[in-house]
Amino acid sequence: MAHKLVIKRGKKAGAAPGTLVHVGEHNNAEVTLQVIDYDQHHLREFELHHPDDCADLLTSDSISWINLNGSHQVPIIESLGKLLQLHPLVMEDLLNTDQRPKLEAYDGYLYIVVKMLQFCDKTQEIRTEQLSLILSDRLLISVQEHPGDVFNGVRERLRNGRRQRLLQADYLAYTLIDAVVDHYFLLLESLSDQIEALEGELVTQPTPNTLSKIHHFKREMLLLRKAVWPLRELLSRLMRDENPLIGDETRLYLRDVYDHTIHILDTIETLRELLVSMLDLYLSSINNRMNDVMKTLTLIATIFMPLTFIAGVYGMNFEFMPELGYPWAYPAVIGFMLIVTLGLVLYFRRRHWL
Amino acid sequence: MAHKLVIKRGKKAGAAPGTLVHVGEHNNAEVTLQVIDYDQHHLREFELHHPDDCADLLTSDSISWINLNGSHQVPIIESLGKLLQLHPLVMEDLLNTDQRPKLEAYDGYLYIVVKMLQFCDKTQEIRTEQLSLILSDRLLISVQEHPGDVFNGVRERLRNGRRQRLLQADYLAYTLIDAVVDHYFLLLESLSDQIEALEGELVTQPTPNTLSKIHHFKREMLLLRKAVWPLRELLSRLMRDENPLIGDETRLYLRDVYDHTIHILDTIETLRELLVSMLDLYLSSINNRMNDVMKTLTLIATIFMPLTFIAGVYGMNFEFMPELGYPWAYPAVIGFMLIVTLGLVLYFRRRHWL
Amino acid sequence: MAHKLVIKRGKKAGAAPGTLVHVGEHNNAEVTLQVIDYDQHHLREFELHHPDDCADLLTSDSISWINLNGSHQVPIIESLGKLLQLHPLVMEDLLNTDQRPKLEAYDGYLYIVVKMLQFCDKTQEIRTEQLSLILSDRLLISVQEHPGDVFNGVRERLRNGRRQRLLQADYLAYTLIDAVVDHYFLLLESLSDQIEALEGELVTQPTPNTLSKIHHFKREMLLLRKAVWPLRELLSRLMRDENPLIGDETRLYLRDVYDHTIHILDTIETLRELLVSMLDLYLSSINNRMNDVMKTLTLIATIFMPLTFIAGVYGMNFEFMPELGYPWAYPAVIGFMLIVTLGLVLYFRRRHWL
Amino acid sequence: MAHKLVIKRGKKAGAAPGTLVHVGEHNNAEVTLQVIDYDQHHLREFELHHPDDCADLLTSDSISWINLNGSHQVPIIESLGKLLQLHPLVMEDLLNTDQRPKLEAYDGYLYIVVKMLQFCDKTQEIRTEQLSLILSDRLLISVQEHPGDVFNGVRERLRNGRRQRLLQADYLAYTLIDAVVDHYFLLLESLSDQIEALEGELVTQPTPNTLSKIHHFKREMLLLRKAVWPLRELLSRLMRDENPLIGDETRLYLRDVYDHTIHILDTIETLRELLVSMLDLYLSSINNRMNDVMKTLTLIATIFMPLTFIAGVYGMNFEFMPELGYPWAYPAVIGFMLIVTLGLVLYFRRRHWL
Amino acid sequence: MAHKLVIKRGKKAGAAPGTLVHVGEHNNAEVTLQVIDYDQHHLREFELHHPDDCADLLTSDSISWINLNGSHQVPIIESLGKLLQLHPLVMEDLLNTDQRPKLEAYDGYLYIVVKMLQFCDKTQEIRTEQLSLILSDRLLISVQEHPGDVFNGVRERLRNGRRQRLLQADYLAYTLIDAVVDHYFLLLESLSDQIEALEGELVTQPTPNTLSKIHHFKREMLLLRKAVWPLRELLSRLMRDENPLIGDETRLYLRDVYDHTIHILDTIETLRELLVSMLDLYLSSINNRMNDVMKTLTLIATIFMPLTFIAGVYGMNFEFMPELGYPWAYPAVIGFMLIVTLGLVLYFRRRHWL
């Protein structure tokens, strides 16, 4: 079964704006907070279980990246919101995993939503996980739905490299977005491999299953475009809006990831149009084969119907059919039948049916 | 029968601008005015039958929400208009239930039109009800077509919560629009459930009825988009235009509902494209099955026509057909027939028709 | 025969800019000028036959509406142009009935072109008549192709109502445009009734004629859109451009008719997409029926071809066919035939062909 | 053979910018320069063979229109360029007949490219000729590919009318563009006549040739749109850009021709969509006829296959077939055959196949 | 096998921004640096093997064009980056051959990416090579994937012509882009020749192979558009952005190449729409031929089924069939058969099936 197009919001409709209700797949896992706290000279890495334990990080001079795995526990999000004095709408959105990628500026912090995407080889489907980022002066909070993400490279570099640690929280936010977008390329590689394989199948031996697959990939492209398209505007605004939280050097890097996003959207569009063209090809090839089948039928009928008729005539039981008595009549009729057949075959040759 | 695409305007054409004529379904119900009048400390809730009874509410310091159920009675709307000194065009629009969602700024008040939508499970159709809002300083008038709406949550929160009562009429207007938009998500859930069920049906056993349903949902999506699309611009202007009636805090909340609207429009577009792709899939699967049918026919004809012809030949009544006299002739002919059949079956195997 | 897509311009090509040549259907009718001259206290209504007789109206303090029925007489238009000192291009355009709706500002007057549309029930076609308006300080000239228009309501209100007479010529121009746009709604009602009837026909019993009708309405929608689309920009500019001829109160009214125009364009677009979807439905239903026909044929052939073959075998005239002599052979063959038939019927049942 | 979609540039690729190479159809004709030199009181008209002979015209106070027939001779263009001190890129473009319509402002002159179009009745194709205009203070150079153009009306008016001679070179340039655009209307008249005739053919008796014609006209519309579309922006800029070479009065006239261009583009778009709809109609009507053919076949087969089977049964040669001996058996079988036929006919009637 | 739609990025995902990894086809060739160093009076041309050998060129007064063949060697790019103090993102992009054409301004230099395209006649595919340009004050670096390019004309002109050598590095960059764009015209010539040949094939004798070719060219057009489309904005910005590196005279030339790009995009769009129309034509012609086949079959069946039935009737073995004894019965039946045949032929004539 394919993934849902629209995620159920349950009791959400009619609730007060800012009501804290989790919207998304049911999830029982414990929530963890992975903290990496660093400055140019030191790096501490530890795990917490409640936002209130982060309080002292907020006032320190070092840069803190708090990664919350699991956006489904309302009290945790509520505590986090209180601690950081988040706007109720931000808290609401942290709990709602069915959102468009977006950027919202609040007093003192930026709220960013993007989608982490993964291609599941077994179901041939794109799996989505929502990533929320809250960026303030020396602090970056990332909230994801489940443990497991695409940021191990970033963590490794923080632990090892000095260069990375010189930079501010805005650059850290950029590296997370960059890692997400880099994984879109991997996703497109998988998808385009599959689509090109399908294109080959279409030429060599199309089956009704080929058709379902074309439809399936068109559907996935629709969902993919829906997840990536808003990122374009998000990054363009992040890069251009005047906001003291984003430094000039980081803007150069944002231009780079913006550029990648456009490249990805171009590729999505190209794959979509290719799928449309493949469907046309499929339809035409069905029609071509139907034509072949019809020609075979018509050929057989056109040759054997007259012959059977002739045989039928001489199978009639009239008493006075003089031909029946002539010794040469039988070979003559057989010969006539051969001539008719030959004539029809020649006729079909000329009309390029044979 | 499907709902009308264009609502009859009757005697409206050629009438003076600002002429007060009801445009919409005939309606005999009595009109009621539900009033909720509140400030931070008190809340009064009562029902009136004529706008003139509201006169004292307009001058009080408390915030008044007057909800008029039934926009079909011209004299009631006329009285309301006189009382509030509404522009004749606003009065005309209050009576006209066939309008695009829109926002119009007048001196001292804003006039807003949105559509409340509901998915009727029985007819599988979207039902529309028009909601007009008139927002002025401490006053919010809502005019709907029939009693019954999506605002019970809002009323409950006004009665219970203090927080809500601290806020001004602009925030109240926002909560009504937010409740309307929240119900669009419910509508989309129903629609996408139906469309996904249809998608399953398409794969397992498509019938001509599947086709009608695809067309039906395409039609509904057209109407849905027509109702939601203008909301985008409406909210964008409400959020950005400089108008002292809308406070800064409310603008933040409007950004949230604006965001939801874009999400909804994205989903509508995705569902529409999915329906187009489903139609292509349906057409292809019909063609595929036609191919199967034709192959069966051609197979049968190609095998039995030659056999029947051979039988016909030996059914001819010529006197001089020496074969007829040989004892082994009958089994020989039957054997030849078997060989022909076998040959054809092998031939069809090779061409992948069997 | 359908109306022409492009109106012949005859000797127009290559003529000097501003050359006065009538472009449109041939027309012999006499030209009349209906004058309504009014101020707050008086109203005079009379008919003239030559523009020169209007000279004194131009200098009076009252507001004059001169309605010219018949734009085909070059000398009349020339006199009018001289009297009002119109630009040669305006005079040329007054004579040319094949124009896009447009707004042109000249020194001291505005030149407006719109299309009056009517749905002809007999031919099921939209009929177009061009309306030119020249609006200056206390003067409104309207030029139409034939006598007969949609302004009787406006005339009635001028004669009776005081309110209307208080307002200036700009408001009068607005009421004419509003009357034209109001009739577009009537047109859309007729069209959508026809299209919905067609939609019903499509489901119950589609015929090749249904197809022609779908094409016909698509054609009409193309022409309709071409006539209405430019009105949107025309009204937007009329409403926004700073021009002393248009008063602030009239701008509010123009916003209303602008809004109607967008509503109409939305509806046109919806009807167009509905027609496209109807065509898809039609094509699919033809394919469905073809499938049924083919199934019937294949069924019949698959059952009777083997049976006829068996009968043919026992119709062969070999001397040594021992079966022919057994008394139970005939009922045995008939029984075998029944079994074959039954087997095939069961097979078709299982493949859902019966 | 259809005209080329892309014109060969031969040795052009890789050449220096501003390299003077003719791009276009090979042409051997002699180049002529037709000069009309005029002021309010005098008009001289003569022919030259080399640009250098024009030198004195450039310094005189009269207005000079130099029309060069033949853009294929590199030395002529080179001399012209030197004389007028044209930018190398302009000289290059004068020689290149495969360009988009465009407007380029240089110091002291404007360079304009438009396309003269003609419908060739024999090949049913649009023929293109490039027209370059160079407009400076009292000078207008027009460069066309071959002798013969649409400017005879303009020449006539210059010779006769005083009014035209009062105006400056900018107005003259406008009249040339206006004449070109006026001929687009003639072209559209021819095309729409052909397309409407095709539409009639489609309804009465569509043939495979009808299909080729639809494709042919779609192709022509593509090329037409490509030639006209850029004119819109060209005229809009000519009309709006601040350039002392274009006077205010001429801008009014440019607005008129701009308006015509939009009208033409609207009509092109309408014709294109009509052609798309016609193709759908054609496809559906083929399918309809195929349906008819299949029904006929199925009818015949369904009636005669059972009958032939029955006849086959009684043609079997079993010794013990008691029916064969009864005198009423033959008429009974014939009667049974009639009943079967009748039953099938009634069945087909009920399914609306007959 | 067709070229890949998405190029593998290998270990790139998750790497640090600015990580230097080659993305593209594997390549072992040695990297060479071709230097042309010139001023108005001198020109030196030589080859180097390491960027560090260029150090003295950077400080000289002459203009240096350093062309690096081979973007696959990370250490070379790294040295080049260090020498020129390039931003890490630029170094990363120099190594990544899968990029959209783009323009990025950095302090003191511009970074430009365009695509060199070539039509491979053997595989009928477009081959892409990425060209990066780094333009600073008296320096132009070009980085391409392989040796071999479209710049021999430029080199020749530098060696011979004085005029070219007067100009600055910005003009040199322009000439390279111009040469690239000029080769797009050659590509379009090849493509349009192939597509027109295909169009001819479609009319004379369409085969299933024709269909694959249409799909193939649609695919190529998608990739072509993806490579050219971003160039439009790139050139528009290069021409308009205020950047001291681009001189006024060069801007005139950039307008010329911008114009060519739009022309190319127009042609791509036209070819794409032509291919879509060709596919429709192909589908219709298949349907037409299927119609012909079906008509033939129906004709044959409709004529011979009744005849065979009649023969079958008189082949029945009833004892009491009086007709069988009459001497005129056989010729009468044959005559009746002829009449039936004739009647059917006339009937088919009237329905235009023959």
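Each chain carries a letter (A, B, C, D and E) given by its place in the written order, and its residues are counted from 1.
One rule holds in what follows: contacts are C-beta pairs under 8 Å (C-beta built on N, C-alpha and C of every residue); 3 or more make two chains touch, one makes a residue touch a chain.
Note that this is a predicted model, so its numbers are computed, not measured.
Minimum number of contact steps separating chain D from chain E: 1. Each step here moves to a touching chain, and the least such steps from chain C to chain D number 1. Seen as a C-alpha superposition, chain B sits on chain E after a turn of 145°, to the nearest 5.
Shared residue numbers account for under half of those found at the interface formed by chain B and chain C, and the copies are therefore classed as meeting with different residues.
Chain centres here are Cα means. That of chain A falls 26 Å from that of chain E. Averaged Cα coordinates give chain B a centre that lies 41 Å from the centre of chain D. Residues of chain A found to touch two or more other chains are 283, 287, 290, 294, 297, 301, 305, 308, 312, 315-317, 321.
Taken as a graph of touching chains, this assembly is arranged as a ring, one closed cycle with exactly two partners per chain.
Ring order, beginning with chain D and continuing to chain E: D, E, A, B, C. Taken in their complex, chain E has these residues touching chain D: 150, 152-154, 157, 161, 164, 174-175, 178-179, 182-183, 185-186, 188-189, 192, 195-196, 199, 203, 252-253, 255-256, 259, 262-263, 266-267, 270-271, 273-274, 277-278, 280-281, 283-285, 287-288, 290-291, 294-295, 297-298, 301-302, 305-306, 308-309, 312-313, 315-321, 352-353. For chain A in complex with chain B, the residues that touch the partner chain are 2, 4-6, 8-9, 12-17, 87, 89, 93, 98-100, 102, 104, 106, 205, 208, 211-212, 215, 218-219, 222-223, 226, 229, 279, 282-283, 286-287, 289-290, 293-294, 296-297, 300-301, 304-305, 307-308, 311-312, 314-317, 321, 323-327, 329-330, 333-334.
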